[in-house]
Amino acid sequence: MRNNRRVITAISALALTGVGLAACGGGDGGSGSGSGSDGTLRLGLGEPQNLIPANIQETEGGEIADRLYAGLYTYDMEGNLAPVLADGVPTTEDNKVWTIKLQEGFTFQNGEEITAETFVKSWNYTVYGENANYGAGFFKQIDGWAEMQLGEDPDGDGPEEAAKPEATELSGVKAVDPLTLEVTLAEPWVGFPVTLGYTAFMPMADECLADIDACNETPIGNGPYKIDGKWNHNSSIHMEKWADYKGTQPSIERIEYKIYTGDATAWPDFEAGKIDIAAPGAEEYEVAKAEYGDAMREEETGQTWGLGFPVYDEKFSDPNVRKAFSMAIDRQGYIDGLFQGRYTVANSYTPAVIPGYLEGTCGEACTFDPEAAKQLLADTDFPMDQPVELWVNSGPGEDYLKVLGDQLAANLGITYELKTLEWPDFLGKKDGHELTGPFLTGWSPDYPLNQNYLEPLYGNGPDGNDFGFHGEEFEQLLAEGNRAETLSDAMTKYQEAEKVLAADLPVAPIWVTRTATVIGENVDPDSFQRNPILGTIDINSLKLL
Amino acid sequence: MTVELDRQGSHNGYVEGLPGYRDDAPLLEVEDLQVEFHTRDGVARAVNGVDFSLRAGETLAVVGESGSGKSVTAQAIMGILEEPPARVAGGEIRFRGVDLLKLSAERRRRIRANHVAMVFQDALSALNPVWTVGFQLGELFRKHRGMSRKDARRRAVELLDMVRIPAAAQRVDEYPHQFSGGMRQRVMIAMALALDPEVLIADEPTTALDVTVQAQIMRLLSDIQAERHMGLILITHDLGVVADVADDITVMYAGRAVEQANVRDTFASPAHPYTKALLRSIPRLDVKGQRLEVIAGLPPVLTDIPPGCAFAPRCGYAQDVCRTERPPLSTVTAGRSAACHFASEVMTDDVN
Amino acid sequence: MSSDINERVVEGIDEERERPQRAAGLWRDAIRDLRKRPTVIISLLIILVVLAIGFFPSLFTDVDPKACDISRNKAPAEPGHPFGFSHEGCDYFAQTVYGAGPSVQLSLMVVTGTLIVGGLFGILAGFYGGWVDVLFSRAVDVFNSIPFLLGAILLLTMFRDIQMPFVGARLQAIIPAVITLIIFGWTSTMRLVRASVIEARNLDYVHAARSLGASNARLMFRHILPNAVAPVVSLIPLSIAGMISVEATLSFLGLGVRKPEITWGLMIDDATKWFVNGYPMLLIIPSAFLIATVLAFVLLGDAIRDALDPKLR
Amino acid sequence: MGRYVIRRLLQAVLTLFFVLFLLHYLLSLAIQVNGNPARTFFGDKPATPEQIAAVEAKFGTDDPCLDRLGDPCLGMFQQRMADWMTLDFGTNFDGYAVTDEIVRAVPPTLILFAISTSVWVLFGVTTGVLAAMKRGRFFDYLVRAGTTFTVAVPTFLLLVITQQLVGVSLGNWARDTFGRESVLGIVFQPSYDDRYPFLSLLVPGILLGAFGIAGITRLSRTSMLENLRADFVRTAKAKGLTSRRVTIVHTLRNSLIPVITLVGFTLADALGGTVITEGIYSIPGMGGLAYNATRENDLPVVIAIVAILSVCFMVVTLLIDLLYAVLDPRIRYE
């Protein structure tokens, strides 16, 4: 299942994967003992789409990449940049040209050395338009990106092919010497280093680039683990510790992922003792909590959900209408009732785990007050006689939106209709401003910076945004943040932008996902921690009993 | 000749060891046979006290409309009634003095085909469509005589030959549906005769056939009967056939025998109005220009046979007594009996 | 009639197919037979109740099934709410009552549709034979070769956003599923009708009617159809039962009728995971209703089939 | 016989062609109505038209006909059929060869079907036949009640409940008692285990067999009943054969003929059942592949799967017809 293709399922995907969907795998040679004693960690996972860093886009692939690959940087538990292959943080004079130093001696698992040139080649491959890599978008701010993309299609979707990209190399990326990489941005941006922990920036071996398809089946990594055998699609991925890894060596010798297909989850297998760490689903949560108690860990994530408004639609163009809708939502009741209270009420646009988080930016608008909401709505021109159309893509989100609709109907006195679309149709209509009512929308972080929750979603880039939202002051503050000298200055500006945004309320934030993870008896529960940004288990600290 | 070979077969004398066996007892005697069917509409008395006896070399015709109980009687004798819903409620069926109804199922099974065999009316449905004729014939030898497949097949060819099927050696491997109606009935007869039984029951053996073929089959049957000195029970509603081949006749109505006599006497002067009506309903070559009569009305519902004479509602001779009192089957003249209050009057056609 | 019984009882072996002349007697017998069976009576009662609930839910509850309060999620039964509340905080009794409607209406519409389409095609194919028959029979092959589920997914996702004029929200919710099920369901009816029509076509009385100059339409609908109808009739309750189950299965797969409409299938889908996690009643209640309804239709269908074909009893 | 087979094969090829075209048209229509799946590659993230164009090219959904509602996209169909002639079945949206995907998915589903078919044949037919032999007795009522109930209980309900009760509860007991790798510990588990494909598919296979078993049991029973009353069975009894021989040689074979047809059709219908079974037990088989591909409008995969299924369906019907002819000589000589 491609969880990422259904936004909504992504919630469960994060919950599950991060947590390790659960898996049983099984020792080769028929180990008669239970898991754990043989130094093997058994986890569950959904089927990844791709194992090439350039193309990894969902949590499943991210989980595997996190084990097999090492990037320049990763994010620590507080969301700060932590060097892995790099030697120290990037340096810059003007926030436009960035210099990244590499540590010496790192190699790929096939013996190839990792140098600055490796990154140049990997990134060129990732960005080149015809390769249609998902990761290409993360390089947008680097100079020369546009020239690497396909040219304009002369007749839209007509029979003629779009023009080939003008360039085959990213002009903004240079290997100054084997251990020095120089990146030039199109515009100065102090936040650039923060993005470098993302999977798309991970290096790929020459051998891999020469035959990407083969590499996808049997990845050539450079991380703490290497693949054992190959990717058994829909079935399993096994990996073992790579002794020659120069970074921190983890304690677990072997990891076996069992892949779950369809809507199946690892939970029953966890209960059957066949995998070591798993996430209970919403329905299993209460029972799991009662049964496993201390072995259950709950952690905040960076995934936020809210009710988006079609600001472009006349009915919802009045901020007071949006505010009334938002105030009519009993967020705590909603979370308690639908999610057994395991999620956190969102009262800001940025979640708490992200640097730059500011509490309560949504303020009064995110406070449940049905009387005031009703009054507020009555004072607008909102047509009460027509049913409000609520839009969602098919999947579990239908339930989430239905319960929201129930609350809105009860507290505002409106009636609602649920409009369910298939995912591509939903995305298309959202892009094209064709949704005629509020819709469910969620966001997971690409990099730990509050700007990631603002500019990509509500900014007015070349394609506008899904909400049809225009905020002069908001744009202004974002731009100031981008041009700031230091990261903390930038964050402050972004926070100001968030406050301005909250006053206009293009989205009513509702909840921030929290994961629940149950740790099996073979794993030391005190060694368990989950990286809130990556969503993955910190494998370096994890210990088996 | 096969016949002699068979007589020396190991089977002979199976029945001799059974309780009640007497060499000099009549070949087959049926006494007060009663068969009921338990249906959801109630208990239907399909056979309600039938008596007759059969001697070796003799042909007994059993006639009556459909539903009169003649087929059920035959199946009761064979022991192939479907139980339930059927149940033999009383009476005896004695073969050479052995009461078949008292035998265990296994003994009963061994009597079948060995001593008493049956020819069914519609050979197409009575033969298993998915096995070859040779298999179905040979099976008898293999299962009753323990012969090898090869020997059984050889005997099957001989049997087919005996019933005058041309090119028997080739046709033995064909399936029933590849035979014509007459040929199929010959196969059926061959099957019944395979183990050389003393009693052969033929249940309307020619109804499904063309008239010309009917005659051939009847001739074959009577030839073989004469040759082997078998007792033959011929169940039919074709009185024309009866006149040609039968010695005695039992006329059945609503589960009872209503008249029993020598065929010639019966045809000359029926002693029961029903027999009379039956005789009138067959076309006769010797009486021209006369309308054929049909019997008015329907036979009674077997779950609810009226008191008195069952034929009374349809009987032109019926009096009050007929509707209240059931006439027993009683001797009218020597060797003749009828179940009618006015048997002698009917016989002399002297009723108002 | 009496002779019928005699023949059946006495010969005991009557394998004969119902002859057209006997069709009337057959039905009379069948109905007489059906009236005597307790299972038929009970099934009919259940079916009547379910139909009543399905078409007039408001007679059975005053509670609005769509007035849900999430704070009462999975709350136990209390006065006025005999079945408690769903995981979305909706009154479960009202949901169960209103959930009957789409299930029942959908299955009735599908069965009617397949009977009309399949029956018509079957008559045409069986009666005219030749290229008409070839055409329809090939079409049956084609539809049989497309796995029902794949076809259903495609059609249901395509129809989802199509707005139908003059149709209420409730019908709007079930019509895509109805159309899909008809498209993939008509083939079996068609084959059955075709076979019966071919059999009936060659009967003497049809030849007689033809020689008397009866028109094709008259032959088809007045002479052949009534005699081809028996095998189809006993299938109707069974098809309805099947469709109710199919609706539940489609809902389980996230296809079929969508929220906020209520069907038993959706309720069961929502409740399956709660069953093993402390709230078994959420699953048991709609399942019990569904199973009882399906059971009633199956038993009725069986009884009709037995009555029409007594030897199978 | 030979001519009959050839005629059937020609018919099958023609049907297959229509099936493929119909499906191609439906899928094209689905894309035209629901939007190009290439857009989903970027999820909620904004993407430039150029980026989307590149992904459309990668997905093979860049034909402009997919933007025109109702266009049958004949060119695409022609191209696909031409590719197929060269045994090129294309790649799915993730760039993997469709052939590989299907080859991987076939074995578990095949095992699943093998188990279910055994259930139908061994359990369904046997109980049906026994019920017919004991007509009107307790066993018969039990079987009739049982089959009626199986029809009424949706398969998925059975699967979800069994997974928990058998896979987890009973399985944990078995694993504690007999050991983790014991046969029972593996048989009673909540999901597919690729180290023990057969054992771990036993329970889901049996449950999939529950789908359609009612029909087979009932048909076996009626068919047996009908034949038990057949004239030729009476003849066999009159031949003094033992009741065992009467049943086995003279009734069973005749009764199995219609049952075999039904087993074939049930097998074809059971694909729906596999989707659910495979989904709940996480079996990487054809049902799940077909289901996901259809939901994602993954054209190359869906068309290829349906082609395979159609061919299977046709082969199965052909085999059934041949088997029919073997069992029933009346047909053989027509």
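Just so it is clear, A, B, C and D label the chains in written order, and each chain counts residues from 1 on its own.
One rule holds for everything that comes next: a contact is a pair of C-beta atoms (placed from the backbone, for glycine too) under 8 Å apart; a residue touches a chain by one contact, two chains touch by 3 or more.
Nothing here was measured: the structure is a model prediction, and the numbers come from that model.
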Quiz item: In terms of Cα-based centroids, which chain occupies the most central position?
Solution: D
Self-check item: Centroid-based (C-alpha) most distant chain relative to chain C
Solution: B
Quiz item: With chain centres defined as C-alpha means, what is the inter-centre distance between chain A and chain C in Å?
Solution: 47
Quiz item: In whole angstrom, what separates the CA-based centres of chain A and chain B?
Solution: 90
Self-check item: Intercentroid distance (Cα basis), chain D paired with chain B, Å
Solution: 53
Exercise. Among the residues of chain B, pick out those that touch two or more other chains and give their numbers.
Key: 82, 125
Quiz item: Which chain D residues reach two or more other chains?
Solution: 33-34, 164, 229-231, 234, 291, 295
Practice problem: Mark out which residues of chain A touch at least two other chains, giving numbers and ranges. | Solution: 421-422, 425
Quiz item: Which chain A residues qualify as touching chain C in the complex?
Solution: 281, 283-284, 286-287, 330, 333-334, 336-338, 394-395, 398-399, 402-403, 405-407, 409-410, 416-422, 425
Practice problem: Can you check the complex and tell me which residues of chain D touch chain A? | Solution: 33-37, 39-51, 53-55, 57-58, 62, 64, 67, 94-96, 100-101, 104-105, 163-164, 167-168, 171-172, 175, 179-181, 189-191, 193-195, 278-284, 288, 291-292, 295-297
Quiz item: Inside the complex, what are the residues of chain D that reach chain C?
Solution: 11, 14-16, 18-19, 22-23, 26-27, 29-30, 33-34, 144, 148-149, 151-157, 160-161, 164, 222, 225-226, 229-231, 234, 268-269, 271-272, 275-276, 290-291, 294-295, 302, 305-306, 309-310, 313-314
Self-check item: chain B to chain D touching residues, read off their complex
Solution: 75, 78, 80, 82, 84, 109-114, 117-118, 120, 122, 125-131, 139-140, 143-144, 175, 177-178, 188, 191, 195
Quiz prompt | Contacting residues of chain A [partner chain D, same complex] | solution = 1-2, 4-5, 7, 24, 26, 30-34, 49-50, 57, 129-132, 134, 136-137, 149-153, 157-159, 162, 213, 232-236, 258-264, 268-269, 271-274, 421-425, 427-429, 431, 441-443, 456, 461-463, 465
